[in-house]
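Here the chain labels run A, B and C in written order, and each chain numbers its own residues starting at 1.
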Amino acid sequence: MTARPASARPGMRRRQLGRALTYVAATLLAAFVLAPIYLIAISALTPPEIALTQYPRPLVPTEISFDTIRFFLDAAGVVDAFWRSVYVGIITLVLALLIGAPAGYAIARYAFRGRETYRLLVLSTRAFPVVILAIPLAVTYIRLGINDSIIGVALMHTALALPFAILITSSVFISVPRELEEAAQTLGCHPIQAFLRVSLPLALPGLAAAAIFTWVISWNDVFAASILTLREPTLPARVLTSLTQSRITFQFAAGFIMLIPSIVVIFFIRRYLLGLWGRVVK
Amino acid sequence: MRAGRLGWAPYALLLPSLAYLAIFFAAPMLGAFGLAFQDGDGSWSLASIQRMLNDFNFMRALTTTLLLVILVLPVQLVLAMGMALVINARLKGAGLWLYIFALPLGISELAAGIVWVSIFTQTGWLNSILQTLGIIDRPIIWQSGESQWLLILLVVIAESWRATSIIMIILVAGLQSIPPEYLEAAEVYGATTWQKVRRVILPMLRPTLQVALILRTILAFQVFATVVALAGTGTVVLAQEARRWAVVIDNDNVAAAYAGLILLLSIASTLVFLWLLPTREEERQ
Amino acid sequence: MAEIRLEGVTKLFRQVRAVDEVTLTIAEGEFMVLLGPSGCGKTTLLRSIAGLEQLDAGRVLIGGQDVTYLPPRKRNIAMVFQSYAVFPHMTVFDNIAFGLRMHRTPRSDIQRQVQQAAELLHIENLLERYPSQTSGGQRQRIAVARALAMEPQVLLMDEPLSNLDALLRLEARAELKRLLNEIGSTTIYVTHDQVEAMSMGDRVAVMRAGKLVQVDEPLTIYQRPADRFVGGFIGNPPMNFLRVTVESRDGALVAVMPDAGEVPVDGADGLGDRTGSLLMGIRAEDIHVEGGSRSPGLRGQVLVIEPLGSHNLVTLRLGAAQVKATTRPDERLDVDQEVRLGIDASRIRWLDVEREVALADDTEIGPGAGLGEIGPSELASEKE
């Protein structure tokens, strides 16, 4: 690069302008994403009387109250539905990892015949509509008597989350170099020992991310839950069934409560987000 | 890579997942097809499919769904591309931007629908802001059942907000795989930003775009809770009808027919995208 | 310290013979270098000795014991990886102690042996740190310390210096050689850097496409390469190879080069009294450049002069061919100058012109000698 004063370089002004515009664009997009979240939060934290009657509403609330949320939680079946969602999520998480992590490890460590086919297979399951899986499962569940049960929903959710679990864990294990396990083996470890002492500790953060992402997938599912449950719904199913008749404050609180775990989870796994989809795109 | 003595090890590790997917994916899929081609008492017939086609909600559900898909895609594509380019520009605090843009990833359809209800409802935020700014003097009824088009627009906005981050993440990953030397070379040869996007980024992003569009379209055909939340049961979409037939009317066969239709549309759209945006390998074939 | 014997070791990856019938004996305490361009199978061979790859044929014996079917942990080996493979989630101390702990060494002994190994590598001040708090060069020492702490029968090293920057590499090389001499363990050292191989090994095994080409002491390989590949791979610049016709003139032998003249040769190096078309291998330092165009010798023309400080590297046109020769740094030559070249006949390495294999039967030529055309990439990219 020739040494010319910065201001004299022709592209410099344009580049500074470009960068400023990028910041503006970034801020606008961020506002687009954040504003509704902020708004629902206020809606849920406004005292119910005010929420129902005050118009127009100020963007910065004058009063905060947990009553809206409390009334929501007090409504029939909501707390039960809440906990059901939590439990279903946990069961899904455990199952998906138990089944998916070994597969992820196999993809990461072994170059076996059919590896690409398997990966494509797993990937393609993500493309199948929940709709087409949930309906026949509902029929089967009724026949087996596990309709309307936590385990039933969890089994369905595990099927939905399994591809994610497999792909995330495989990218986690890929990021732990195989040479570390091999070094451990030359130093006296049985292959399983090498895995437990070296790969697993290093993979743990990534596996944890996979776990809570799986939980969120289960937490968010509306369609399958609404088909597979009737009298013992998960939270989304419970909210859905009374959506059209419920008061607006009920909805605000519901939306807010359903949203919080998602935001928290995404915060914790933000580092792995790209790995999630990045490997998908070859 | 180890394959010899422990040749069976990888397959053993895969087996549980394959078994599970067989039971909870393959089997239900076949079951769905079975159900769709049966009528209520289990005999094979096209009666259920006919019932679906003749139902008075069918055409509306189909057109509304198609409309939503067609409208949502370009909006999300532009938004996601913008976000991805912003991330790729590596501004200060890139991690923060990525987190913010990715937030909606973890938000369910239903929650997203409710979020935008709080905005569009009669005493909601949009009206509040407009009224405070003096633009209107009376709240506008956005969610009026009279204008289907308006309701569809609301759903498009809500869906764009919710699902753009899925596309964005895929695009970011794709963008990062473009070697920066190409863009630097373009810059040296005098390309403007727009030219860089058009002539370097977009072509190299083709396989990524393909994946993103296919995935988002397939998901869009299943749109459901957002519609219910914003537009109530007056506006029908395919997934909703499927649910209605399964849960309310208690006819699993017709519900399965709807499900099958959704699957068919997904496959058809995938083929369309593969045809429209062939990647280089496919062109060679 | 143990002797290592490889008998017909073969490893296939799908259809490719990564290691092809390698038979080699490494004596107790010997420092054997496996040298070759990338893809030649040297790392695969090393990993096979370590037990990280299963053989498709052949045997590996360490200290007389057949370890072919034993896993790495039972082979009494220690290995230093190219990427060092230092465990990031353990302190340096725990890294070095890892192998000892796996073998259930008593704690007092662990303390002592780790301390000893750390001192040998001058990293005793790093023991409480984590690898992320150390530099690349330090991590390399940690990897070596970890291996040495095991006091192994056999030490395997996979390009341990190649990730260091050039200056550090030079120092580390000398230090490593001194250290390993002191310890005296049987060592197998893989590298693609021929300078490293020459400077460190007791013997060098040159590999190509999975086969052994030549196994000899460094100087022998340098002066008497088994074939054109080895001659071109070892030494910087590579050995010159010229097509000549050897003729008999009044009872004496001369080598004739078209358009360049002729030069006397003797029957050394397996030439005997052969005549005909042959390949003459001669190193740059054995070609003498005379400025005057009246002197006897081959007729050449100067193309490029590269002053390298200690000597000049001169590229010359010789007939239809090009050679490289070295001259003293103050030798005055000009580009395009016509010069005369003299050749030290005793330093010529004669090769058969078809198989490109040495005529003389004086070295350990491996089955992989004379494997065919040398691709330019094999030589250019892999030499340092």
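Brief remarks follow.
Here is the rule we go by: a contact is a pair of C-beta atoms (placed from the backbone, for glycine too) under 8 Å apart; a residue touches a chain by one contact, two chains touch by 3 or more.
Owing to the predicted nature of the structure, the values given are computational and were not obtained by experimental measurement.
Traced through touching neighbours, the fewest hops from chain A to chain B number 1. Chain nearest the geometric middle of the protein is A, using mean C-alpha positions. Chain centres here are means of the Cα atoms, and by that rule the chain farthest away from chain C is B. Distance from the chain A centre to the chain B centre is 16 Å, each centre being the mean of its Cα atoms. If you average the Cα atoms of chain A and of chain C, the two centres end up 53 Å apart.
Inter-chain spacing, taken between the CA centroids of chain B and chain C, is 58 Å.
For chain B, residues touching at least two other chains, in rising order: 2. The set of chain C residues touching two or more other chains comprises 52.
Contacts from chain A toward chain C in the complex involve residues 177, 179-180, 182-191, 193, 198, 201-202.
Against chain A, in their complex, chain B makes its touches with residues 1-3, 7, 9-11, 13-14, 16-18, 20-21, 24-25, 27-29, 31-32, 34-35, 79, 82-83, 85-86, 89, 91, 95, 97-111, 113-119, 121, 123, 125, 127-129, 131-132, 139, 161, 165, 169-170, 172-174, 176-177, 187, 193, 207-208, 211, 214-215, 218, 221-222, 224-225, 228-229, 232-233, 239, 242-243, 246-247, 252, 255-256, 258-260, 262-263, 266, 270.
Across the interface of their complex, chain A is touched by residues 50-52, 71-73, 77-79, 81, 83, 85, 87-89, 98-99, 102-103, 146, 150, 156 of chain C.
Interface residues of chain A, counted against chain B in their complex, comprise 11, 18-19, 22-23, 25-26, 29-30, 32-34, 36-37, 39-40, 43, 52, 54-59, 98-100, 102-103, 105-106, 109-112, 115, 118, 121-122, 125-140, 155-156, 158-159, 162, 166, 216, 219-223, 226-227, 230, 236, 239-240, 243-244, 248, 251-252, 254-255, 258-259, 261-263, 265-267, 270, 273-274, 276-278, 280-282.
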